[in-house]
């Protein structure tokens, strides 16, 4: 898959909040872009930006989901861990069921070492106290010790999926911060990044004004006068 | 796909309760075979037995899921309605979200006319008062008027899916009665049908005894004496 | 409040399904119009169409919500029962909490006798077996015996509210059938009614074709040829 | 256990609605008496009134909960079916988990034949289409085919339990109608029955007045004049 | 609104736990005073005590809830941010739906700068990693990036509301600590503060005794001897 | 009850993750061993290992659950606090309802001082900011200020219970880490501890290899070559 996101915008997205991104997407008619019910394990991790690489789970079945399933090659979860390209984000559809894990510290370490940009699962992660110390962003729906086989059967990769109630197509741009994770359709990722970067400068300026005691009326959103004041400030900067 | 279920067992399954089937599957180590959270719309419909034909939905996205999506050929939901073979059951994975429909009376009528054995969805069905009068089994998670596009995007067919928390592989045997729907792995469908048919005869005999006033002790489950008594009765019959 | 809905459209809406209405509203960008989680108690009741008259509950507080609260005049629930105009629908916001009732058979009888068009509550109704025999539409989230005071405090009327996750403004047109209840913004009620009436004629024609064995391809949605065929049929009719 | 409920009050309770009972209990400070989330399978069954006989389930464990568990004597569920006294109600605590059954048609038939007054479970019941045709009241949280062993382990009887969020002590008076089930503490059952019987006469009189067109103001609750009018009517009757 | 809480009691409440307050309110018959499902973002913030200033949201509607809604004056959310008096707590009713935000860092900064005592919302907050670093108490149901317009429509202020399942009347005293938030009816706030302050001294004394190895029997709750021992200690102190 | 766990295994279990334990139990057919929905309050606490001592709550009833209930001797919660043996874990069944507390800082301090190994409740804990600073492991489903009496009635001890959806028999070995809590049936605790200790050594070795850049294929799970390599390394160590 060719990546549409420019290098500059990839960097820019690391400084843009998911809050600002949801607003830019809302302006384009997209209301359901925030993955619900997941949280960031490592609060100190670098920001997460990358193309979606998808993995899908269906419910486990006792005769198929035995420990032997992991042996040799071909298990879709293990294959995805090695196949997800560096710079991409592994996004797992676990049907929002976090009563079992969809990965643990060894698999997360492998992803990090391979240069994968992060992971998002709407299932659980195990060994969470090890993962939360890695300098690497991992989002999950719960700390959950049980191995995936008790509940989840990894079935295929790189198909469109749902994660936390949001559609994720392979190649979509996945951005995470401390609030959570936003999914940007690939084809508008560059324009959204640029607009949101510009909005971020404005909101930082607004926040400084507010902290200095200014009312939000006429400031946020800006009146024409405020807009002019901001543009003047930006020119000087 | 070659169908493994014999014609005799297909008929037999129409007289076996889903309750009895879950017990036969439990004996084989399968505990998660009952689709959770769905109900039968038409209480007077014939019993539902058939191979699973699967359809998968992911969450809708506003730019893709417009009314235009249904036009021409190629929309996975509409294709599935025409492609599901007679005698099969259309099973839909709607991520257990019934806040919108996954079909309505026109599509259900087409399935019935085409000879499809029934439908199971863990999403909603609209036009439910028309559907519930058809002589045809339809199982859903809710009566739900909104068109699928507000929540669901049909994405692909005949992949393994989850439905109501249960794994459904294309070709699995799907059986429904007034309790709900059970999924039998294709490879054991014949043996399960045979064992369950035999168990059904026994339980009918037990029920008659209970209605005549007999205690369940030694009867259900049977003591060796009761087992012998039943075998004698069965021989005479 | 002046009523914007024409008498003809009011009658027309009694024959239009909520499913068809959600599609007409979807075309206008409205995706969240179906009250979630309520069901019709009396399956034989006439169809429900009327302007919304709203009543809001907040959580009960033990010192305020005693049996004495109902005495004399001024209790907002009792006032609403007598104030809701004939032809309107009483819509109650009970915060989707159906663990207690928001009304019972006596209050429902009074509403029916007064000519109110129906009731929708996202709380419970008590005396449900009496209510379900009235020739009158009542929608609730559960049959629930406890009096409202154990959970709900009626606070005010005719403010905009939420009901079953949907915004309801006083005067909105509320339409119910066996699937559930749709809320149409007052200002577009006439145009939606007219478009939906027209679509209903088309869908009835489609359903007849499907029952006669025609494929849905080119029929639903219609190709230009099908559209012409339908228009010709309609002209003849 | 000595039964405190008089024969007259037992009969009276068969004609009093659960709605009226919750009000009588609310007057005595009891707000949490309605078992949440259960429904009556057989709408035509006789009313249910009887002392609570309790059965408790804990989660199943695979090594203990095998089909062999039912053999011989001593399985708590089977023992409860034979031990629950005639005229009592079997109340099951299934931790509000209805993903599996807590009984089926054979056990229900045995209870009915033995003269047990009814059953309430906050788990599932299987063979529900057979049970719903019995002239006997059965309340459950779902129609659910899986045998209890996949989720529930029957552990003991006649201890205080929770059912549908309500405390149930052995010997409490359990009353069910079409709304659901109310639990009356044993020690106040007679006084509650008497007061509620009286209130029922009043509410029937009110309902007749309302159906004849009278306003609820001054009627429900009654003004002193209305109270006098009712007393006069009652005297004449 | 005249404030009934004395300055001394306002200070005292900053040192009393919400746990102790729920007990004092329970003694007065109030059982439902703890806002369910919210948590404190900034663990290091000062304690929150203040009068409730309320803001109510209903579900969003796409034609009304566009970015233009915030422009000029009059948007209820923005007005509330500027109108909530210093020393008060802004309490938002978001119908317990945290799938979108009800505010972000700019609005929170404005509230803090204006001297508002804190915020409680049963919806989400965005920019949570900025908010959690402010020296100011903010309680929400989730970190949630989407702007409020995708789900919530701010409708009015200073009406009684529900928040996290609890009734909140304007002027009620709202107290928060690391456990969460308690709502004290205005008219009993002073007496509750005084009793709870006294109980706090006792419980601190008990905790010291327990940490020194004493059994809880006769200590917590205290026997007459223990009560005397405590009173003697308190006199000496 | 005689304790089956050896002193060596008790120590070993303090270094084994709950993730590894769920795998060892899965191999023995036990899939439901992880208590769902609870979290560790004090992230810095020592690891929790001990025999289960159980306490059961049922729903509160207003006439029984008054503050007077705690006075004197005999209240099951207070008795359990003093009776749970040192080295054991107090496990509470609160029906997964965390809207009220099942204990607070004074009771937790008493347990810690008495040498109890930790607490697990599927209800709430109050005074959570004090508890989370104790050098002692406490697991709960929520920080929840309301006293237990508003929702919970402590009823008995040392019966088998459910906690977080898992069966807990008195004497089972309860192990907690940062992921959560696993319950090991008493009779297999020693063998599980030994196997899991051995697996832990292997997984630590694997993790080092992964961090050094090795692929998981052939490593996790190990090929025969990898197994040999590990055994050689272990011998040298």
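Note that the chains take the letters A, B, C, D, E and F in the order they are written out, and that residue 1 is the start of every chain.
By definition in this document, a residue touches a chain if its C-beta (ideal position, glycine included) is under 8 Å from a C-beta of that chain, and two chains touch if they have at least 3 such contacts.
Everything numeric in this text was worked out from a predicted model, so none of it was measured.
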For chain C and chain E, chains touching each: none
Chain hops separating chain E from chain A, counting only touching neighbours: 1
Interface sides of chain D and chain F: same vs different residues, half threshold: same
Separation of chain B from chain F, taking each centre as the mean of its C-alpha atoms, in whole Å: 39
Centroid distance [mean C-alpha coordinates] between chain D and chain C, Å: 32
For chain B, residues contacting two or more additional chains: 31-32
Chains that touch, pairwise: A-B, A-E, A-F, B-C, B-D, C-D, C-E, D-F, E-F
List of chain A residues in touch with chain E within their complex: 17-19, 21-23, 26-27, 31-34, 36, 39, 43, 177-180, 182, 203, 206-207, 210-211, 213, 215-217, 220-221
Chain A partner contacts - residues on chain E that touch it in the complex: 67, 70-71, 73, 78, 81-82, 99-101, 104-107, 109-110, 113, 126-129, 143-147, 149-150
Chain A-touching residues of chain B, taken from the complex the two chains share: 28-32, 58-63, 95-97, 153, 155-156, 159-162, 165-168, 185
